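The structure is given below, and queries will be raised subsequently.
In this document, chain identifiers A, B and C correspond to the written order of the chains, with residue numbering beginning at 1 in each.
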Amino acid sequence: MIDSVIQVRGLNVTYGDGSAVRDVSVDIPARQITAIIGPSGCGKTTLLRSMSRLLDLVEGVRVEGQVLFHGQNIYDPRVDVTEIRKRLGLLAQQPFPLPMSIYDNVAYGPRVHGLRERKALEALVEKELRAAGLWEEVKERLRAPASALSIGQQQRLCLARGLAVEPEVLLCDEATSALDPISARCIEDRLLALKMEYSIVLVTHVLRQARRLADYVIFMYMGELVEHGPAGQVFADPREERTRAYLAGEFY
Amino acid sequence: MSTSVGKHLEERIMLGLMIVSTVLVVGSLLLILATVVVKGAPALNLAMLTQVPRGGYYLGKEGGILNAIAGSLALAGGATVLSFLLGLGVALYLQLFVRQGSRFAHLVRLSLDVLWGVPSIVYGAFGFTLLLMLKMRASLLGGIIALALLELPVMVRGMEEVMEMVPFGLKEASYALGATRLETALRVFVRQAAPGIVTVMLLAFGRGIGDAASVLFTAGYTDRMPNSLLRPVASLPLAVFFQLGTPLPEVQQRAYAAALVLVVIVLGISLLTRLLVRRLSRYVVR
Amino acid sequence: MSAKRWRRSKDRLAGRAMGTLALLVAVLVFFIVVALAARARPLLDIQSPVELLTSSEWHPLQGKFGFLTFIAGTVWVTVLAMALAVPPCLLCAIYLAEYAPRRLRSAIKPIIDLLAGIPSVVYGLWGVLMVVPFIREVVTPLAAQHLGAIPLLRVDNPTGYGILASGVVLAVMVFPVIISVTEEVIRAVPDGMREAALALGATRWQMVEGVVLRRALPGVIAAVVLGFSRAFGETMAVMMVVGNVPQIPRSIFDAAYPLPALIANNYGEMMSIPLYDSALLAAALVLLLIVLAFTIAARVILLHAVRRAT
């Protein structure tokens, strides 16, 4: 039995008039890359964001069910949500560097969580920038504004920033859709290298990317969990008809 | 045939009227500026700017308007700082701590709209009743409070407009790293909105420094430089108002000079805001 | 562990503190009304509000207070100002929104913003130095000669200080408010409507008059109401040119004594005559309530318009 790091149980998410995620239960395996795939509007982004309580930021959302992390339901009101979010990093589709220097971007998370000592911060910043594959390009200009970087560099910066708080899980929401192919490839390579230490859940609408990266696959359609399993199995021999049809490109 | 000619003629006439109206509007500004410059420039000299009035109760012939300049800067400066602190709290609360559709947020914004339209003399009268209640007299502090109330709606409304433009993804990125609302507010939000916030502060300052009716009751007037929060203080608008009506030409000169200084300050702020926005956008995303 | 708890408490405390501030702001208007009313109470105990508003007897030393004269003065000045301001403002706004080339527009808009920033006393100064002499030397003689028969234009007051002067100054003061709001409202009208009208062969002006203005009408009305509200409460500039004679005006050349001017001119004697302070603060309260009514009216109109459009 593979370890699972997150367990989703009976998750129901409704936005105002419609239901985005209906009765989803699944285990996210640890230290693997899990890809959530499905046609647009199927609820994959909602499912992803529910794992880090980022849905709290959106108006008019109701969440029912449980998401268990380390055995504790993250939707329990007694839980410290900032702790949860620290453990589950987010890499969004559009890179949003914070309005500060490159160095301060990466240092933001650790600083907020209490790390002040300069030497430790500097070491951490360098370590994560290397992990994100950005160190060589920015080591001469750490104090420059982050907004001056190219979009591919910004996304790698966001990756470094997310890693700096030492999460256990990385949630990636279409993390390469906005990038040029070279930057996209670079991010993908980083993710493959990172899965040794981190559990990664990524949402993608590009099947090729899922095939390249995924160890585990979750297929969603119209808010429901249709099928899930090890990547090799789901891609080669899907159990459900809908999965087969989607993989064959019959709808997207 | 005649309708075709008619409608084109109508177009021509209306266009002519529109251009005349626009010229009228622009022309009025030019006339006002011209009046102030023509009367004020001859009155402006080093003595005027660096001395306080002498010779008895601001009707004396000697001296200048330094008391009013310093007083106005103190009043508007203090009021802007006070309304900034209050306004930032309210604006951040409305943007980050409260659900966007909440009735409370709606009530606060409605209130601010109403406060925006309150005439400054009402703020002055209210400030006066406050001073009476607190058994204080007209003073720098009283003027600061009344002006801060006047500037508050300008400040909050302006800050909210600037904050609305901060992209959602930036907020999300900060929260995703485990930051609290307060940390996100102060370390990310305010930094992103900083150039806009500075602009708003300058605009509020400009609004405050030019207002007479609210400081009339609450700040008093004096020949002396501002030296205490609890003593009356002079101000440029009141310097113009009180000294314009005297029969003594030397005193009238001080009124013209004060008017010119006031206009220069306000125009200067306008220019400064435009320049600052450009320079401070260095770190801002997008 | 306690560092994390401290962060959470800081966040919660900050939220509560800011929330309290917001609450104070929400009730501030109410608080102002109450404070002024409390101070005005001694007078209201003796004279009923109705009497206060409809009596034109103003003899503070005898304890007789009636606001009618001053309300009349305010109304005359404000109505004249709006009559003078609204047509050119609408035309100017239409020009800027529909006709002016982009470069001209971006040159003129800052100028209008500048007008908005000029302090009230400077407007008053301009009024005293330019408008009043102009009225005295040029307009009054002409009116006395040719227009004396028309009741509203009779010249009994040759000084130049009066309703006309303050109407002109006030009109220029509200130019920016009316123009900017109107221009925004006009630009918000969807282009599709414009295209439809022009495609039917209408001239630009016909399109504007028939389609754009009709659609933007509520917004324009709101702009005018806002301008009216601003003009009503304006104190300094008006005070410097209106003459400050407490009489019910009969002609635009007459001097008058608007309510804000009353308050501002007499604050010095407020505490020395019994009930004078109550009276003046009651006047401030009346001013506030009227302006409040207009602000809320403008908002309701806009809300109604938005609802109709969607």
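Annotations
As a convention for this text, contacts are C-beta pairs under 8 Å (C-beta built on N, C-alpha and C of every residue); 3 or more make two chains touch, one makes a residue touch a chain.
In this text the structure is predicted, and so the values were computed from the model without any measurement.
Comparing per-chain C-alpha centres with the mean over every protein C-alpha atom, the closest match is chain B. The chain with its Cα centre farthest from the Cα centre of subunit C is A. Averaged C-alpha coordinates put the centre of subunit A at 55 Å from the centre of subunit C. Subunit B and subunit C have CA centres that are 18 Å apart.
Centroids of subunit A and subunit B (each the mean of its C-alpha atoms) stand 47 Å apart. In subunit B, the positions touching at least two other chains are 180, 183. Counting only residues that touch two or more partner chains, subunit A has 82-83. In subunit C, the residues that touch at least two other chains are 7-8. Looking at the complex, you find that subunit C touches subunit B at residues 7-8, 10-11, 14-15, 17-19, 21-23, 25-29, 32, 35-36, 38-39, 87-89, 91-92, 94-96, 99-100, 108, 110-115, 117-126, 128-130, 172, 175, 179, 202-206, 226, 229-230, 232-236, 240, 260, 263-264, 267, 280-281, 284, 287-288, 291-292, 294-296, 299.
Interface of subunit B with subunit C (complex): residues 7-8, 10-11, 14-15, 17-22, 24-26, 28-29, 31-32, 35-36, 39, 86, 89-90, 92-94, 97-98, 104, 107-108, 110-115, 117-122, 125-126, 128-130, 132-133, 149, 152, 156, 180-183, 185, 206-207, 209-213, 216-217, 237-238, 240-241, 244, 255-256, 259, 262-263, 266-267, 269-270.
Residue ranges on subunit B touching subunit A, taken from their complex, read 99-101, 167-180, 183, 187-188, 191-192, 194, 282-286. Residues 3-4, 7-8 of subunit C touch subunit A in their complex. Listed in rising order, the residues of subunit A touching subunit B in the complex are 52, 54, 57, 59-60, 82-86, 89-90, 92, 94, 96-101, 108-109, 112-113, 145-147, 158, 161-162, 165.
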